[in-house]
């Protein structure tokens, strides 16, 4: 399964959306259309222009959008993240030569569309998300989520843990997202992993947070995390370094047990990913992000997300899809 | 058929793209989803989030994208027009109270996706477009096109005239697009209607051009048009006026015979529609555009297009879909 | 009081924020600083760079920000409306020659800062807003609100009606905002005036809605409003017309009883005010907006708001403050 | 001479800048290149891609840039106005059918480049500008200036009056620019016409100001102007009106004596011309601007300018060149 | 004092600007509001939303804005730098865990507003700035300046040296700013440190310039600097390196004597800080900038500035405040 | 000749475009104007504001624009690349201290303007380009090209090889551009070097491609290149490394034989150069780009280009000229 995660961006695919597509009729599985046959501006923007279907049945993995941003503490807009990630994914081809992967040849993948969130009620939205993911997970399909603010990872992990038990977590982010509450609320994009711990959804000895930085409320803002058993890797410990050695340790730590990958785009330095709501300077580079994703090869990935993509702040675009190209 | 054209933006619809959609199961036809049930950022961006299908069979009308812009003389980018128009159409609801129209209750409408154009060869693209429209028109479906630069109207009208014979034309534009050639070429976005006249595709006594303006190559740039029998209505003759009386005359002129409507978004003043490649100041207003579209009620519309939408120049967005809301 | 509302933008003022300000020490009241003495980029951005104070005591009128946008159905961002309106208000001077008004000479005005909204819970935010406005209204100060999405007008009117009884309403908007519910919720930016009617906060025979337009869910979307006694003036009935005669009728209708003015910036055509979340084409012009505001002269205005200013969509800026300059 | 002013945007021209230009060798005069022969993105951006020359000798009229903006009270950037106006002028063709004018057939016109202003010293810049214009005017060439903030019109008019005596002035602007001083300075973009009156450069009985609006320092901000004999036409007196009758009166008033036209782009509503530093809402429309320019036909125009074009605030571009297309 | 400089972005604070703020009443000193209690979009934008006061009396340090940009050689706009830095500083919290610093617990800090500069006269502005800083410095308060173009550092250093004698200088910049004159002027943003040397304001043996790069007028553009005793560290000598060793040398060099830190944001590569007027490629990274600021811990910092922030060129924002988060 | 290529950005120059330029009359050669004498916003935007001339006679090297983008597979706009590169080059000075180079003292350089491409026909444009470059090359002038999409390098290399025989190639790019065909066409921006190999224009043993990355159609996308003898250096092999050692090897490989340098701006990471049509994440840094260009010192460079600059996607600008400043 990890081969898919690490190779999004790679092979031939059926597309029912465009006329005059001349593709081999013997393509056994869904594939993104090649720009050799279908022009890049052509076709409706599903993820990688894969087929859209309403049911996860028969799929090994699927892209799902969760266009919610009412858990955002600063600049909103991640409700349009799924739409923009899909649009920019038209650049991706089927093979990933760096990984030696042709995922669409071995896996059945499609785009399941979006969860119909409630934009006016965060509690209700979380219920809707959990319910939708319970169905996806029940079918044996691995969900790859396009967010949406980071609140959404909490109900997704509820569905994950219901199926797999407590899961390991690779959390790439500028922030730990383990605040207890803010403005009187237990639920917003700063609290999802606190809630997950509260509910026993995480295998805390297998939680790694990478890219953490920024000003804080106290001098030791990572005390809670470390007391739970999390490994917290600060951005400043990554500066000017390859993360290949770190990922070797992570692979060792995760072993063969279920792992969820949650990637907040603000882990990256805002120069590389300005389209996000709570940017923090001096973050990871795209090459480090690729090292992280590629470093997961061989692990038992049961789900993953890319969250906090808020496209209106990335006026040049062409950059928000990055983490899918490992 | 005109009720549809004049009321895009009106009625309940099935959408297979989002989970948790709670819509009445007895909806007899395709409808755009109501924001009362489906949040606006939810779902893949087909036109008005209508169902997407590969074949025009069984449809009364259909939206079709033609993402081509290599006939552009100034700023390119209209290849992304279909994508953006679809995205912004998520704002439209099913009823048009101004027209008293509920088009989706009487007509079967869907989105047929895009013609797979050749971005490197204008001649070949025109052949591909004509071929695609021949199939659509043959099925009895009325094509409503999302452009693309204005070159595309030439192969569309080839397919139209093949079915209907020479058609009437309501052409709303800042430019007459009847140049003979430029840079040595007979085919670019300044020549489509000259080529149509050359091939006898137009019923020239029923051609009206509205919104024409700008500097020119000669002192009498409309001589060719008028010598063919076209009515040319200059933008300066529209300033500060309602166009309701003009449209009464147009309805009279068009009668019950087949009419094609070609709407170049640069007919509008660039304040209202900056997202286009060859803007000209002192153009029509949105209210005049609505008067034009609404004024076609009762006519025998066999097809229509909205062209020259070049979204990267409309940084605020929220404005390019205007002409569909008549 | 109306003289203030109609003349925001007018006289000499004390500013504690800048050094080297050379202003007459005998200025009897708060005034915006003149650009003849203080450079426009100088000073912190309170509204019109008026003094900021924590209490409404002693004020005739006050500006208040409500940076909330989680009731938004389409594009969010109005949480930054108060900040941008204040920034752009640095252009305003103290006198309004068109109205013959020098409001700051007769009225004590200040900026009260913002209500500390709860960004993650719309219900709780409404409670906080109502509570804050109860205190302002109790002091006899007229609140002039900088929004924020339109949901906020509901708790403001709760505080208003508690003091004044049911109030008249001049509501300028593209939308009637009288939906009953959406996505299962009774509270979002499409429902505030329905809730106000439900709670008896409005003097329904003195409610006028101006600028209404757009596609709808049904053929007669204004039935509810008219059945309550509202006057609904469609945008299409305003095209190419002066609104001076309409406002004479409105003044007649409102009489001397308490009136609240709620101005949604999307009443304007998006060409004039692109910085908003749910734009609708073919709207009012700025000159019509000024005619509306100026037409209120002499009325008993007990409060007012400018809502739905979402600045990130107005990339040129310099336009969002318009309605304050009547 | 007015035919040129009123018809910028009109005939065949030599261009030394591009290879493979195939133009008739018998073109007797400078002409903008036709898009039929030279692609619009081709060639260095002189005004209308006319030839550039260092001396005004032999020219009937010439474009001159003055890239200065240190007289700006609010948003700077007009130093890049000349560059952007030239860039956008690539859209203009040689004939103006509305005016029946082919100016480049009767007049010798070129681009003289820019005055080398001193960006750090406004006084010194004014001296440099006056000196440059004295040379241009001495040669008998009519200068058509691309600004730059409005301060520059003061030294230009010094050169004008030195040659022609006190001149008439058609001043189109949102502001009267007759302040006496600000921040202790007698020279900035709010004072040029006060300085001109002080020095006797204007024939005050032939000064007309059109488009004036906005908040002010006093209740009667036009007293100075009217006491000098100026006619002040407020924007609100232009709303929803054709300006053809006004211009008939202006032509009568100006007679055959020398007239200078100074056009501040902020006269237009910011919807049409957002690229400026001190925008004021509810301004003129492009059609009114064309009526003003076209209405000058037959007058004895000795010079003109377009000032306050600050391109970074017009992100869509394609609109700043408007006033040259009359 | 350096603990403050190195930890801007860290501790609880009183804010008089928002209603419903629920903060401990026993907070002994000014603090930025925590996002746990006050939503980030709430409140007027002073620096870090600290209290604003008119006098430096009683303060250990204070933020001061100098909104001047008429010394700019290329793109203007830094007059709006103070406003935008304050706006973006709403993201900062009170503790800096990387430095182990809680500056607001030991120091009294506030925002003093802006110096009222003269936008039309650079000489006069320099006089106004010097006078304002003389007062601040006299009170014993350390000024932390938000610029404004780099010209402003010259009058600030006049005030500094008057109090402290010649000061050491840590100057981070793409340019040495030691030109003698340009366009005939001795005063613009390329000359401040030349003027400081001329007047003996610097302890030249303790001047370090870091980040220098770009094309030049001569082959040895650093001769003047080095002949004065400055250490010039080129950007190319920083590529791919940690600056921790360099800063150890700098600390050694500076010793315990008074040091001023002047940080021009164009020291950074424009990818990280596009909002500036004279960008140069291949600059420092944010992590290097933090290493520089953090490397000053323990030094005797008597003042500092962040200059050349020109926000309109940073369309994504969220990045200009970077250097305050060390 | 390489000294020029490696030092663009360096000496005194005559400029006929601005008045009041006070420059030494004894400047023996063309030079960019110094900002000490000519303000940066002053003058028409030729490359580095060098003189423009129609003929290459007498020149050692020349800048040439090729404003063509109809070979683009994704986002168009590179037709405006030459215009923007020239505009931004106003920042460059005459000396390059890093290289110890004063190129304008030893070489005669000018700007030759643009090739008049055919925007509607890629085949015809290639013929026009080849013809133009044949004339330039014939005169002994080294062409330095401002693109334009990468298709243009194919006809340029036709002219090069006609003069020099098969040339070595240093190709810096995210993509190999050796596809055989797409959408049925042999000519677009993905095929130029395949066509060059087909026609024997390259000395394949001296071809080096640097910066290659991204998803692909097959698992071994570099097989063709390597089978021809190309050296392919992947971006991932450059991460966090100085390229000085690589360039030593390249110099060894190239020897004294003719070398062409083709630099696609998308070789850079999109954070540094967002203004391009087919961005790929995790690319080269500006410092690596400078190491590449500077590493060519001493080689026999017969021509070079900077292609795929598509300015509308670089909203901050100030960055597209980067590669010329080595």
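For reference, chains read A, B, C, D, E and F in written order, and residue numbers begin at 1 within each chain.
By our rule, contacts are C-beta pairs under 8 Å (C-beta built on N, C-alpha and C of every residue); 3 or more make two chains touch, one makes a residue touch a chain.
If you want to know which protein each chain is, UniProt gives these names: A, B, C, D, E, F = Guanidino acid hydrolase, mitochondrial.
Predicted model, so just to flag it, every value in this text is computed and none were measured.
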Joint neighbours of chain F and chain D, given as chain labels: B, E
Angle, in degrees to the nearest 5, of the Cα rotation that carries chain D onto chain E: 180
Interchain centroid distance [CA atoms averaged], chain C/chain F, Å: 54
Distance between chain centroids, defined by C-alpha means - chain B, chain F (Å): 40
Chain B: positions in contact with at least two other chains: 37, 39, 41, 73, 75, 79-80, 118-119, 182-183, 240, 269, 271, 313, 315
All touching chain pairs, where touch follows the definition stated at the start: A-B, A-C, A-E, A-F, B-C, B-D, B-F, C-D, C-E, D-E, D-F, E-F
Of all residues in chain A, those that touch chain E in their complex: 73-75, 179, 181-183, 213-222, 234, 236, 239-240, 269-271, 274-276, 278-282, 313-315
Contact set on chain E toward chain A in their complex: 9-10, 34-37, 39-41, 90-98, 100-102, 240-242, 269, 271-272, 285-287, 289-290, 315-319, 322, 325
Chain C-facing residues of chain A, complex: 69-73, 75-77, 79-80, 118-122, 124, 182-185, 187-188, 312-313
Residue numbers on chain C that touch chain E, as the complex places them: 16-21, 37-39, 41-46, 52, 54, 65, 67, 79-80, 82-83, 86-87, 111-119, 128, 131-132, 135, 315
